[in-house]
Amino acid sequence: MTNLSCGTGPLFMDPDPKPARAFFRKKEKKLINKVLSVKEAVSRFVADGDYLASGGFGTNRISTAALHEIVRQKKSNLGLAGHTTTHDFQILAAGNMHGEKLLARVDIAYIVGLEARGLSPHARRVMESGQVEVCEWTNYALACRLQAAAMGIPFLPVRTMMGTDTFHRSAAKEITCPFTGRKLVALPALYPDIALIHVHESDCYGNCRIRGITVADTDLARASKKVIITAERIIDNDEIRNSPHSTVIPSFCVDAVCEVPYGSYPGNMPGEYFSDEEHLRQWLEVEKDEVEFDRFLHTYVYNVPDFESYLALSGGVERIKELRTQEFLVPKEL
Amino acid sequence: MCEYCTIELMICVAAQFLKDGSTVGVGTGAPCAAAMLAQKTHAPNLLIIFEAGGFAPQLPSMPISVGDSRTFHKALMAASMMDVFNTCQRGMVDYSFLGGAQIDTYGNLNSTIIGNYDNPKIRFPGSGGANDFAGFCWHTITMTPHTRKRFVKKVDFLTTPGYLTGPGSREAAGLPEDTGPYKVITDLAVLGFDEGTKRMQVEKLHPGVSFDQVQENTEFKLLKIPVIEQTEPPQKKELEILRDEVDPHGFVIGR
Amino acid sequence: MTNLSCGTGPLFMDPDPKPARAFFRKKEKKLINKVLSVKEAVSRFVADGDYLASGGFGTNRISTAALHEIVRQKKSNLGLAGHTTTHDFQILAAGNMHGEKLLARVDIAYIVGLEARGLSPHARRVMESGQVEVCEWTNYALACRLQAAAMGIPFLPVRTMMGTDTFHRSAAKEITCPFTGRKLVALPALYPDIALIHVHESDCYGNCRIRGITVADTDLARASKKVIITAERIIDNDEIRNSPHSTVIPSFCVDAVCEVPYGSYPGNMPGEYFSDEEHLRQWLEVEKDEVEFDRFLHTYVYNVPDFESYLALSGGVERIKELRTQEFLVPKEL
Amino acid sequence: MCEYCTIELMICVAAQFLKDGSTVGVGTGAPCAAAMLAQKTHAPNLLIIFEAGGFAPQLPSMPISVGDSRTFHKALMAASMMDVFNTCQRGMVDYSFLGGAQIDTYGNLNSTIIGNYDNPKIRFPGSGGANDFAGFCWHTITMTPHTRKRFVKKVDFLTTPGYLTGPGSREAAGLPEDTGPYKVITDLAVLGFDEGTKRMQVEKLHPGVSFDQVQENTEFKLLKIPVIEQTEPPQKKELEILRDEVDPHGFVIGR
């Protein structure tokens, strides 16, 4: 096979299993109580310069609480794995204002958009300014890169991105299959420094359950060096042990467990509450004007102490009740 | 016949390409409406797949995100993104349904940037799962408005593979054999691809639209099949289902 | 990187995704009633010469009913994926007697043994006779080969078997990682012709649930061209749809669904009944003498019409009740 | 001190090598008994993993199979074989606990055949997950009876990697760095591996056993550490727990 080519994009993270193995070896495996406030968890486990990954899917089962806290603590120079990041990207991009640089490099599969809701004006400004270093991928490619890391292997050979500019602007490499002679795309393992994952239930040790689609989070939790879990509910370890096949993330992958009811708001949490489309429209709207957006951020993020206060400003539990009726398709009329 | 708007026509036309018993990976918006319409009319066994992990939901309403609760409401399986794209890569998914900011004569799509890559005029979201779907699924169907700015000679960025540079180029690039663009449904016409050259061809014209009008709205030269028929307008029953059951709030069809 | 080597074992199955894709494309995806008797399912979907894989783990959650039926129908010239095959291997090996050759080739990770219970005399006779073509692997290697097939890629690169005779007698190949320069072992995708998987619950279309460990069965079901499910219980499709994240095998992978209560007997079915160690000891014992084993097989397999009759001969539901008390650790004394 | 049989001694010795808070992949029989004993004595936080998918069960009794119900009874997670070995390959599992029909000076194990591969005298099960565990986990511990037939100059088949052909050979073969055989526990002695040569060395002798006796039962030349101590006999409390709680039916310790 001739003409094997390489993507020209930057490879932000080392795909070599050796340093990852050394890190995972030292990670605490004991069942210890990992319950922390979001503030404490972010302060302790998210360092400037870290490469971050956000679980869930953009506006669905995202860890809004941890994302806001990262912005509030003005973390800087972060990397990001952007597989269909939508509102999560929008939150983090808010940290790139007034010359501050929360996001410094992004592996892109899907950014700046909120699917059917349109594009984020501020995220576009950030990304079109050239201040963030980028590398192009696809959703599957990023999921595969996390799987490779979760498996402890340096790459996975797949058949995506071939022949496209997406490939040329990625850091993937073409290889030849030793059995079939076929050309394949080798995707380098991605070991994020830190993952933020919102789940339905976790025990105090970090054994987690997710109801509904897991997106890429089972691999993400295993691939990441540090993992912050935010959970709708903390449950007893006995409950975990009574149904061990319901555990999708094991405690030995997890560093912090934060109980944050409604913690995916304004995103959708399957089986709990639907997304708050009004509030998401408001975000998109205020972003059009930088001054107004800045004021919005101060009101909703910077000048509040925590997620609970943000939720209260946004309508609190009454709003959640309404979003529950949407989630459960309850007819409006009596 | 009854009145309808263009997006309704597009959705009804798109729906007809989805055969009963087939599998389709869809996004939000018009593609999803088309799949839902197909399922409620001629294709009750259409198996709808969403890239975030939802397999065969009973969609209660239009999803806002391809990963929201609706995409696995009463589904056969709520799994993972890997499972979805592995299923596609394994050859089990017939259609994928895409959009894009630009399309060229080979059906290549751009959803990444407008302008120069290193200094873009506009940054779009990027591939998402589009490149994966279009690489792995047997047929790609695209729905897009028909303008010269979108139907271009050369896409500013080739995000998602069509027939790349023509016959044999997908295979040479390493993509699975016998896959590629199938139909492009616009507000003017239904287009397909010439088997020999893999170039885009006009196959049907929407009522009241001429070939010249389509060509005027296309930067590259369009081929045409020998006899171009007129697109069948939506049936009354289809429109009713679309308006009353698929999209009662008019999220896509915009009423 | 120099000195890349290749295993010298035979590669029984084509790892190329092209023919597999063509096959999967034509597979029926509709929700159609697939409920069949085991006899009919095996007769219709298991062909002489097929390459077979048995789900579960040797004596745990195995499809005894389908395995017996294959022996009873005197299928011949089969291939087998032997990741910790124990009692399942013992059953199939029984088809290699009197010059008949049910098993013709085996990808070996673990055969002829029943773990702590010892080795199967008959299976050893078969394997030591040289009548079965073999290729060596490991449990992980076979699981990876199934995962590669489930992913639709021709190989997976991992770090197992390196430097060992297991590698030299496998059909794996060494490759070099394009990112790290590391040597890796490429494992060829394995697309079995037919898989036999026993599950707790399936609807009539083949949407399945498993309680407890899934071993390699989620990949096995996706990798195999044809899949026969035997289920402890058939449940309503509504029940599947009410908890879609509990589905581990989707209907579009499945060809036949057979309701076989206690269908893993004498194997263990998690949460249902423990293994019948007395009966398994009896198998091992009678195998010592070929004539006695032949008589045993005629009594328990050849001369009975179905699994239900085998179960009845083995103590029937009364025996299952006893095995339930063992499964649930019920103390013997009142 | 109290009376004990050799297998009890071996299990008690093995248990001591498992540190609290560490992770171990075990098989059935003596290794599992050792892990259970460790958990009930000095290592309550020992995380036990079974290759078929069971993570951290509360073992109610000795499993008969590494995939039976016991291996995920009240476990933290009941997952898959892939998840287990991926976890090992990722570097998260400290110990693996193996057996084998033959072992050589580098700790290489044979569990495949005795005799010539193409015409074997005896066919054993093969690797199972042993090769995977021994390749990926940081330390491999082996428990085996000590006879000349088992401790051989050259294994008939190298099923599972020890230090292969000596220093650097695991790394040269591509196996993860800093991994390899750690201890071999037999009915005569506790053996380890010389750091320089990676050859097997006697580190402790069981009560009443001489070095010469161990060497007589070993086909290859054994190294020894400067001062060989006697193996600490099992404590009363350990034996009680082993006999009453770990293996009350005597499946392994054989009473």
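Each chain carries a letter (A, B, C and D) given by its place in the written order, and its residues are counted from 1.
The rule we apply is simple: contacts are C-beta pairs under 8 Å (C-beta built on N, C-alpha and C of every residue); 3 or more make two chains touch, one makes a residue touch a chain.
Please read these numbers as outputs of a predicted model, since none were measured by experiment.
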Steps needed, at minimum, to go from chain B to chain C via contacts: 1
Cα-centroid distance, chain A relative to chain C, in whole angstrom: 38
Chain C and chain D, separation of their C-alpha mean positions in angstrom: 28
Separation of mean Cα positions, chain D and chain B [Å, integer]: 57
For chain B, residues contacting two or more additional chains: 54, 72, 78-79, 82, 89, 136, 176
For chain A, residues contacting two or more additional chains: 17, 151-153, 158-159, 182, 184, 212-214, 244-245
Contact graph of the chains (line, ring, star, complete, other): other
Pairwise chain contacts, counting only pairs that touch as defined: A-B, A-C, A-D, B-C, C-D
Residues on chain C engaged by chain A in the complex (per definition of touch): 11, 15-17, 151-159, 173, 175, 177-180, 182, 184, 186, 188, 210-214, 244-245
Residues of chain A that touch chain B when the two form their complex: 56-60, 82-84, 86, 108-113, 115-117, 119, 124, 127-128, 130, 136-141, 143-144, 147, 158-166, 169, 174, 182-185, 212-216, 218-219, 268, 270-271, 274-275, 277, 327, 329
In the complex, chain D residues that touch chain A: 20-23, 45, 47, 54-58, 72, 74-79, 82, 86-92, 94, 136, 138, 176-177
Of chain A, residues touching chain D in the complex: 17-18, 20-25, 27-31, 149-153, 205, 207, 222, 240-242, 244-245, 247, 250-252
In the complex with chain A, residue positions of chain B that touch it: 27-29, 51-54, 60-61, 64-69, 71-72, 78-82, 85, 89, 108, 112, 117-132, 135-136, 157-161, 164, 169-170, 172-176, 251
